[in-house]
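What follows is chain A paired twice: with chain B in the first complex and chain C in the second.
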Partner chain A sequence: MAERASPLIVGAGPAGIRAAITLAAAGLRPSVIDEAHACGGQIYRQPLALDGRDDRARYGSDAAKASRLHRDFAALGTGVDYRPRSLLWNLGDGVADVLRDGVSQRLSYDGLILATGATDRVLPIPGWTLPGVFTLGGAQVALKAQGCAIGRRVVFAGSGPLLYLVAWQYVKAGVDVAAVLDSAPLSAKFNLLRALPLAPGIVLRGLRMAAELALRGTRVQLGVSGLRIEGEGRVARIVYRSASCEHAIACDGVGYGLNLRSETQAADLAGCAFRFDPRDRAHLPVRDVSGRSNVAGVYLAGDGAGIAGADAAEAAGERAALALLEDRGLPHDPPRADVLERALATIDRLRDALEAAFPFPSHWAAGLADDALLCRCEDISAGEARRAIGDFALTEMNRLKAVTRIGMGRCQGRMCGAAAAELLAAQTRREVGAVGRLRAQAPIKPIPLAAGLSVDERQHDPAH
Partner chain B sequence: MPLLHRIVRTDSPVICFTIDGAPCEGRAGDTVLTAVLCHGDRLRHSEFSGAPRAGFCQMGACQDCWVQLEGGERLRACTTELTEGMQIVTQRGRSHG
Partner chain C sequence: MTRRIDCDVAIVGGGLVGSSAALALRSMGFSVVLLDKGFCGAQASGVNYGGVRRQGRPPEQLPLSQRSHAIWPRLQQLIGIDGEFLRSGHLKLARSAADMASLEHYAADVAPFELDLELVGHNQLRERFGIAGDIVGGSFCPGDGHANPRLVATAFAAAAGRAGAEVLERTKVTGASRTFEGFALEAGDVAIKARAVINSAGAWADSFAAAFGEPVPLERTYPSMIVTEPLDPFLSVNIGIEGGGIYARQVTRGNVVVGGERAAPLADSDFSRPRSDGVLTIMQRASELFGPLRHAQAIRFWSGTEATMPDRNPVIGPSATTPGLIHAFGFSGAGFQIAPGVGEVLAELVRDGRTSTPIDAFSITRFSPASQPGDASQAAMTTGSKETSP
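Now for the complex of A and B:
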C-alpha cells in the first residue's frame, strides 16, 4: 500500500496546537504551518526575544494555559513538521503553496485542519487611519509581545470582552488609560447574568477588570456613539456622543475594535461551503459538531470558523483531529470526543450571552459620515461607496468590489469587508446576510511576485 | 515624537538601523514596526491621499505597515524582525507598490 501523505494543520494557535498534539499522539506526523516565529497564536503569542517578563506578567490569568500549550507543543519535537514564519497563500486539492524566507514551496497533504484564527472586527470611524490608532488586538500585541505601549495617554473604544481586557492590561502595565468607550448600553450588560452560571470565572474576572479600571480613574462610558478620532498627522483626541452630548478626550493612542472576525480565506480556497451566521454577522465555513466541513478530509477548528474564544479553540482543535483520525481508520477515542463536544456546546451558549452583552452597534452604518474612509488600503470613502451602490443599483458584495475596489486592496477586505457589507445592507434595506460575501482569491496575502513565479515543486520533505 | 513607548527591553542589545538615512537604534527583539515607531510616528504614506500611516492590526492582517528598504525590497513591518544595518524608507514617493 502506498504511504499516505501527512495531514496539514494551518495555524499554531490553541486550536492548531491541540490538533497537532492529538494527531502526533496517534502516530501521525502532521505538518504545521504558521505565520508567527513561535507557536501560541495571537492570544498566547510569544515575544521575539526574552524580555525579562515571565508568563504570569505577560499573559495574566491565562498564564497557565499559555505555558501548557507552549510546553506541550515544544515537547512534540520532531514528531511534528513545524514550519514557523510560513505563509499559506494558496490551497488546492491536496496541495498548499507556502512562502517561507522568500521562497515558495508546494506541500502535498492528506487531511487538512484549518485553524486560521481571527482578527479584530473593525467598523470604520472618521480618523481610524491616523497614526496612533491600532486595533484592540494590535494594542495588545504591542504590549504583550513587544513590551510597548501605543501611547502615553490611551483610550480604548468599541465593544467586546477584549475592550476591557486590553484596557486593564495597559493599566496594569502602568499606562495612563483615560477612558474605555463601549458602544453597548448598560441594558445589554444584564446579559452577563445569563453568562454567569455558564462561565462564572470569566464573567467575574471581566466585571472585576471593569471595576478596577473605574477605581483607578479610567472613565468607563457605556452606550457611546458617534465616535471619531482627530489630530494633525497623528491622534490628538477622540470624540464621542453620550446621552446626546458630545465629549472629547485628549489622548495620543487609541485601541479600537468590536469583537472579532474569522479568517476564512483558506477555507474558501479549500472549497468549503459557507453559511451566514447571525451571531457573528458573517458568512462562515459550514462545519458540524466534530469540525468536519462539507469537503471530505477538510476540518475546521477555532475562531477561524466562528468566534468562540481560546478555550473553545483548544477543544475544537482536539475534536477535529479525532474526526480526522476516525476518517483515516485510526483509533480515535469516542468518549473523549463526547466530552469535547459537550464543552463546546456550553461555550456556544456562553457566546450567545456575551454577544448580547456586547452587541453589534446597529446604528453604525447609517451614522457613518460620507467623508469617512471605508477602505484604508485604497482610500475609498463611505460616500463613494454609497454613490456607487446607488448609481449601479448594487446589491451584492462582489459587484460592489468590482465597481469600487472595496475589498480589492492589499488586505483583501479583512479590514473593510464586514463594514462594507453592513453599509450595502443598510442602504439597500436588506439583511446583512443577504448581500453575499467577498470571495477569496489566491494569493490570500501579498507575496513577492518572484516567490509566486518560482514555486519550488519539492514534495513534502520529512527531514525539513 | 515616537508613537510607541517601551515598557520593557529598554536595556536589550542595541541594533543599529536607519530611517530615511538617519541613524537609529532599536533593541534586540524589535519588529521593524516597533523599531520605527519608537523613533517616529509614521511608517509609510497612503499611495492615494499621501496621508501618513503607522500600521493598524500588528498581526499581519491589515497590510498597512509595508515599508521599503533602500535596496527596493518591500516588507511587512509588523511581522519582520529588525536586523542590524536595515535601511528603512518611510518617505512619501519612495514606497509606491
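Now for the complex of A and C:
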C-alpha cells in the first residue's frame, strides 16, 4: 500500500497547535504552516525579538495558557513539520501552495485542518485612515509583539470584549488611556447576567477590568455614536455623540474595532460550502460539531470558522484532529470527543450572550458619511459605493466589487468586505445575509511575481 | 404566479453580445426582453482581460471588427460611461525571426483593411515602448487599445434597460420552443412570447443550438488572469505575443493585468479558477519581459468561462433550422472587442433579415454541412427540469 501523505494544518494559533499535538500523539507527522515567525496565533502571539518581558507581563491572566501552549508545541520537536513565515496562498486538490522567503513551494497533503483565525472587523468612520488610528487587534499586536504603544494618550472605541481587554492591557503597560467609547448601550450589558453562570470567571474578569479602567481615570462611555477622528496629518482628537451631545477627546492614538471576522478564504478555496451566520453577521464555512466541513478530508477549527475565542479554539482544534483520525481509521478517543463537544456547546451559548452584550452597531452603516473611505486599498468612499449601487441597481456583493473595485485591492476585501456588505444591505434595505459574499480568489494574500520563477509545466495559449 | 411577457425579441444571455443587441434593437423601436441566468456582464464579458484589439484577427473577422472599432470611442454617448476605453495601441511582439516573419505576413495579408499596422524593430521597441528581453521586433496597431470589462457589458445592459428593454437578471431560460407565431420561452416564473430569439448564451449557447437541431462543437475554455498591485506607469500599450504566451496591459490606476495559460473548471463547471502552475508561469514570463514587474506583487488571480469553436471563429447568423432564431456565440477568446458590432449586426438581422457586414464565414452550417432546414415547429428544447409549454 502506498504511504498516505501527511495531514496539513494551516495556522499555529491555539486551534492549530492543539490539532497538531493531537495528530502527533496518534503517530502522524502533520505539516503546520503559519505566516507568523513563531507559534501562538493572535492571542498568544510571541514577540519578534526578546524584549525582557515575561509571559505574565505579555499575556496577563492568560499567561499560563500561553506558556503551556508554546511549550507543548515546542515539545513536538521533529514530530511535526512546522513551517513558520509560510503563507498559504492557494489550495488545490490535495496540494497547497506555500510562499516562504519569496519562493513558492507545493505541498501535498492528505487531510486538511484549517485553523486560520480571525482579524478585526471595522466599519469605516470619518478619519479612520489617519496615521495613529489602529484596529484594536493591531493595537494589541503592537504591545504583544513589539512592546510598544500606539500613542501616549489613547482612546479605544468600538465594540466587543477586546475593546475593554486592550484598553486594560494598555493601562497596565502604563499608557494614558483617556477613554473607552463603547457603541453598545447599557441595556445591552445586562446580557452579561446571562453569561455569568456559563463562564463566571470570564465575566467577572471583564467587569473587574471595566471597574479598574474607571478607577484609573479612564472615561468609560456606553452607547456612543457619530464617531469621527480628526487631526491634521495625524490623530489629534476623537469626536463622538452620546445622549445627543457631541463630545471631543484629545488623543494621539486611537484603537478601533467592532469585534472580529473569520478568515475564510482558505476554506473557500478548499471548496467548502458557506452559510450565513446571523450571530457573526458573516458567511461562514459549514461545519458540524466535530469540525468536519462538507468536503471530505477538510476540517475547520477555531475562530477561522466562526468567532468563539481562544478556549474554544483549543477545544475545536483537538476535536477536529480526532475527527481526522477517525476518518483515517486511526484510534480517536470518542469519550474525549464528547467532552470537547460539550465544552464547545457551552462556549457557544456564552457567545450568544456576549454578542448580545457587545453587539455590532449595524445601524451605523446607514448613517455612514458619504466622504468616509470604505475601501482604502482602492480609495473608494461610501458615497461612491452608494452612487454605484443606485446607478447599476446593485444588490449583490460580487457585482458591487466588479463595478466599484471595492474588495479588489491588496486586501481582497478582507478589511472592507464586511463593511461593504453592511452598506449594500442598508442601502438596498435588505438583511446583510441577503447580499451575498465575496468569492475568494487566490492568492489569499499578495505574492511577488518573482515567486513564479522555476516552473516546468507549461501550456501555450495562442489566443490574444 | 407565472408572469407573461409578449415581445418582439427575447435575448437569451446578457453578456456584451446580448446587451449590445438589446440596446441596438431598442433604438430601432423593437420591444426587447433581455434575460440572464445570473447578472448581465458577470460571465466572460465581465471578467475578461479587457483587450480591445483588431490586430491578430483572421481577415474574415475584420469587417465586423472594424464596425466595432467605430463604436468603442462612442461609449460615453451610447451607454453613459467610457468604460475606461483607452486607444493605447496594441503591440504584438515577436520572440524569433520566424515569429517576426509571420507578423510581416499578417501585415501584408490584412493591408486592405487599413489597420495601419507598423512593424517595429528591436531598438525601437526599447526606445518607444521600454520593452526589454529577447524580443526581435513587433507589430504596432495604433488604433487598438483596452477597456474595463467589468463596466462595459454591465453598462450596456443598464443602458438597454433605460432605453426600455426589460432586463431580467437571475432569470434562467429553461425552455424554448418554436410556436406558430414565434417562440415560447420559459424562465422561472416568467413565460415569454417572442417573435424572434437571439441565442447569445455564451458558453451555454450550445445546448440551445442543439435543442433546435443544430449541435455545435463548442468547447469551454478558461483563460487565466493575474493582476498586480498599482505600479508607477511603465506600460503604455496593450501587449500581445506572436504564438501566444502572455498578454499584458497597465490600467490608469497602475495595476498591470496579465493573461495567459488555461485555468481549470470547478466542480460547478460554470465557474473556474486559475491553476497554481498556470499563474506561476504567467508571473514568471511577465517578470522576465517587464523589469518593473520583477519586484511587484500579484494581488488577485481569476478566470472566466469562454465558448471556443474549433476554428476559433464565432457562430453568428440565422439558424438554419428555425426561422426567427439567431445565433451569436463562440467568440473563442476574442469577443470583447467585436461584441458591440455584433449587437448592431444582430439588430439588423432581426429587422431586415440581412446585414451590411459580411458574416458568411460565421454561419452555423459550417459545422453541419449535411443539415437541412427541418420542420421548425417541432424543434423544442429543455435545458432544465421544466417541461416546455406551447
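By our rule, the second predicted complex is superposed on the first by the 451 of 464 C-alpha atoms of A that agree within 3 Å, B and C clash if a C-alpha of one lies under 4 Å from a C-alpha of the other, contacts with A are read in each partner's own complex, and residues count from 1 in each chain.
Quick note on the criterion: a contact is a pair of C-beta atoms (placed from the backbone, for glycine too) under 8 Å apart; a residue touches a chain by one contact, two chains touch by 3 or more.
Treat the numbers as computed from the prediction; the structure is a model and nothing was measured.
Contacts of A:Asn90 after superposition on the shared chain: chain C is touched, whereas chain B is not. Look at A:Ile249: by the touch rule set out above, it reaches neither chain B nor chain C. When the two complexes are overlaid on their common chain A, residue A:Val339 makes contact with neither chain B nor chain C.
Judged by the touch definition given at the top, the superposed model places A:Pro47 against chain B, while chain C stays out of reach.
Once the two complexes are overlaid on the shared chain, A:Ala451 sits against chain C while remaining clear of chain B. Of the two partner chains placed by the overlay, chain B and chain C both lie in contact with A:Arg410.
With both structures placed on the common chain, the touch criterion links A:Thr129 to chain B but leaves chain C unconnected. Once the two complexes are laid over each other on the shared chain, residue contacts for A:Gly138 go to chain B alone; chain C is not touched. In the superposed model, A:Leu222 lies in contact with neither chain B nor chain C. Where the contact sets of chain A with chain B and with chain C meet, they give residues 378, 409-410, 446, 448.
Residue ranges on chain B touching chain A, taken from their complex, read 1, 3-9, 12, 28-31, 34, 37-38, 41-42, 46, 48-49, 51-64, 66, 74, 76, 78-79, 81, 97.
Residues 35-37, 42, 47-53, 119-120, 129, 131-135, 137-139, 141-143, 146-152, 173-175, 233-234, 252-253, 263, 376-379, 409-411, 414-415, 445-446, 448 of chain A touch chain B in their complex. The touching residues of chain C, counted against chain A in their complex, run 39, 41-42, 46, 49, 51, 56, 150-151, 154-155, 158, 223, 228-229, 240, 243-245, 247, 253, 259-262, 266-267, 273-284, 286-287, 293-302, 312, 332-334.
Those residues of chain A that touch chain C in the shared complex are 90, 92, 95, 97, 104, 106, 269, 271, 378, 391-393, 396, 398-399, 402-403, 408-410, 412, 441-443, 446-455, 457-464.
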